[in-house]
Structures are given as C-alpha cells and as structure tokens.
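Chain nomenclature is as follows: A, B, C and D, assigned in order of appearance, with residue numbering initiated at 1 for each chain independently.
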Amino acid sequence: MRVHVRFFAGLRERLGIAGREIEVPAGTPVAQLWSLLVPGEPLPENVLMACNMEYVEPGRIVEDGDEIAFFPPVTGGCR
Amino acid sequence: MRVHVRFFAGLRERLGIAGREIEVPAGTPVAQLWSLLVPGEPLPENVLMACNMEYVEPGRIVEDGDEIAFFPPVTGGCR
Amino acid sequence: MTVRILDTAFDPWSVLGQYRPASAADGQFGATAVFVGSMRDFNEGDAVASMFLEHYPGMTENYLQKIIDEAMRRWTLTDCLIVHRVGELSPGQPIVLVAVWSAHRKAAFDASRYLMEELKSKAPFWKKEQLENSSRWVEHNTSG
Amino acid sequence: MTVRILDTAFDPWSVLGQYRPASAADGQFGATAVFVGSMRDFNEGDAVASMFLEHYPGMTENYLQKIIDEAMRRWTLTDCLIVHRVGELSPGQPIVLVAVWSAHRKAAFDASRYLMEELKSKAPFWKKEQLENSSRWVEHNTSG
C-alpha cells in the first residue's frame, strides 16, 4: 500500500525532503517510515508525528492513502 | 475645625445629602461624622469611608480641611 | 500608564488601535492582554433597559492609578491602560477596558486579571439599573 | 468559532472592531478577553531582523478548531476567535490574536489563556528567525 510522507520546518530543510510517496507493507508503524525514507538517520527524540493531520503515536499502523507527517516541536504564538 | 463630608450613590439618595460642611472638635474619628450628620440612622455595616480620596478605617482621626466620603460597596467593571 | 474616565460611549478596539504604549517601540513588547466588560441586558433575572454609572471624581482616577502602579511593581510590564465609562449606558455598550503590554505573556495575562479584580473590588464606581418600571442600585459585585 | 490563518500583516484591533461574535446580540455577552502576541526584535540575546512562520496547512486549522471546541466544552462561552500569521514577519507585527466572548469574566479570562497555552504547545507552527548574518529555526517555546 501507498502512503504520502511529509516533513516540515527544520526537519525538511535538514533532510532535504518536503514530501515523498512511499510503498509500504500492511502493518507498518508510522515511526518505521522514517527509517525507510532516511536510513541511517536516527529518529529525533522530540520529533512529532501526525497521520491525516491528527497527532499520532509512533506505533500507529498506517493505512493505504494515509498522509503521514514528521515535524519538530512547534513554536507558534509569541514568546 | 471644619471638614467636608460627601455621600455617594444609594447612600446619597437614601439620606438626601450629597455634601455638607461640618464643624467638629479635634480628635473626631471619621465614623463619628456619620452620627453627627444623620443622627438616629445606624451606620451601615458595609459602608466604605475615604479621607481625602484614600480609603480609611472608621477610627481615623479627621483633620481640618479634610474631605471625608461615605459610600456603599463599589460595583464597577462588568458582571 | 493611562487612566481615562469617559462619560460618553467608546469603542475599545478604536481606543486600542490609536493607543501607543508608553516608551515602547513596536518590537519591544511581545504580549498584550486585554479585557473588555460590556453592559448586559439582563441581571439577576430582570431585563435591564439602561444603567447609570456614578463615580467619585478624583478618588476614582487615583485608585485606578494606584492599582496600575501596584501591577507595575508586581510584574515586568511595558504599559497599562484602564478606560472606564460613567454616566448613562445602554445594553451592549462597553463599561471597562483594561489592557496590559509586556515582553512575556504570563505577566500580561496575570496583570490584566489582577487589574480587573482590583478595579471591581475597590474602585469607587456604583451602578444603578433602570428596569422596565423601576430602578435599583446594584448592591454587590460578582466574584472573579 | 472562527480560525483564520493569514499570510499578510493584520491589525488585531481592526479585526476585533469588525468581528461580530456568533449568535450574540450586543447585550448578551458581558466579557471579552483578548490576547495579542507580537514579534519582538530580540530573542535569546540576539537582534532578530525578521521571521518566517511555517505551518501545516489543513492540520493547523484543524488543531486550532479542536482547541476552540474543547474550550467551548469546558466553559460557557459565546464565541472564540483565533487569528494566526504565517509567512514573513517584521518586528512589531502581530503574530497571534486570541479572543473569547462570554457572559462572565472568569470564563473569558480562563478560556483565553487556555487557548494560548494549547496553541503554543501543540498547534503546528514553526518559527525561523533571520538574524543579522544567519538564520535559525526556533527550537523550543517559552512556558506560560
């Protein structure tokens, strides 16, 4: 099955990837998409993950057509 | 000595007095001005008192030329 | 540090749009917390047609300035503004505007709330409500 | 219950002057609590010339709507408004506006602060600061 993976902000810049379509087997957890897309790069401890625009835990199993996002801690609002 | 006494809001309406000059002996406490001006009328429990536009306690001794005010609990701002 | 007592209607958002916080270039404050209290058209179960707000000219301004001074002592603030109506008010009209500018949001939130609670509990203002066929002085304030 | 993401500068006081709180005649709400966060010209000891605010279109709006829904569940509110800038910002420009309307001031104060803290801690926005000769992503937010 096929999922769309997106990276944001500093993560996107550092990895040089904004978005990527990827073919994965059924039962793949969200966190595993990271190692598939950026092998050898350790998953940052403070990274946040979303599936279809909702926060999810790293163990969440992806489904066909999901949009998965990895991003750094958020810094909206003001100081 | 001479002091100026003022009443505000519901108190002013009920007593029918907005302001009054009054001659008092030295050593008169603020609260006593009430009984001098409205004899027989008990001092309301929740009444507030000011001397020269600062809150004072009932026992504060007045001085010549003071402006003394009696008023009900305040109800500014919004609900 | 500005206190204004107004006897005619005011628009809090226009006031804020025109106000320039004391000694602060635009980039120097990061947080603004504002509270606006407006007259409602009901109170204690009764429809209120209009309201009269009395104050103690001189003491009211002094007292508001005093609570602003106290807020500036307690928190690190750039500026504070309090605007309060007196006189005849109609439902929906703003009664009070409190605004606090500071570098950090915590101070702005805390100080604006402090100013409102202090204003309500001790600033010399008194409300008289005009009901359909009668009027009454408001006897006590709601707690924050 | 309105969420707006804007990629150009906005004046929070004009926005508020033009906003009509949902399903509320003028006399029905008594309290409005507002918070405005603006860009400062310094951070962590450095002068900041400008800032870029990135977001996650779709998720950001969803998340802001979700925290408004939660606030409306927790308190009795008339309406909530959140406006947040994205894109290129200059010092002094407003970043965020949070406004809450309610019958009582306690709910307005509590809910506006809740919305700001929730927004800062989890809404997907990221700041990149442009310093004199370099740029950097802001790594962590200040606590409330």
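FYI, a residue touches a chain if its C-beta (ideal position, glycine included) is under 8 Å from a C-beta of that chain, and two chains touch if they have at least 3 such contacts.
Quick caveat: nothing in here was measured; it's all calculated off a predicted structure.
Of all chains in the assembly, those touching chain A and also chain D are C. Distance from chain C peaks, on a Cα-centroid basis, for A. Averaging C-alpha coordinates per chain places the centre of chain A 48 Å away from that of chain C. Each chain gets a centre from the mean of its Cα atoms; for chain A and chain B, those two points are 71 Å apart.
Chain D has its Cα centroid 23 Å from the Cα centroid of chain C.
Shared contact sites, meaning residues of chain A that touch two or more other chains, fall at 77-79. In chain D, the residues touching two or more other chains are 30-31, 37-40, 103-105, 116, 142. Taken together, the touching pairs give a contact graph of some other shape, not a line, ring, star or complete one. Of all possible chain pairs, those that touch are A-C, A-D, B-C, B-D, C-D. Considering their complex, residues 11, 13-14, 16-17, 25-42, 91-93, 103-106, 108-109, 112-113, 116, 142, 144 of chain C touch chain D. Chain D meets chain B in the complex at residues 30-31, 103-105. For chain C in complex with chain B, the touching residues are 37-40, 43, 53-56, 58-59, 62-63, 84, 95-96, 116, 119-128, 137-142. Residues 6, 8-10, 13, 48, 50, 53-55, 69, 71-79 of chain A are the ones touching chain D in the complex.
Partner chain C is touched in their complex by these residues of chain A: 77-79.
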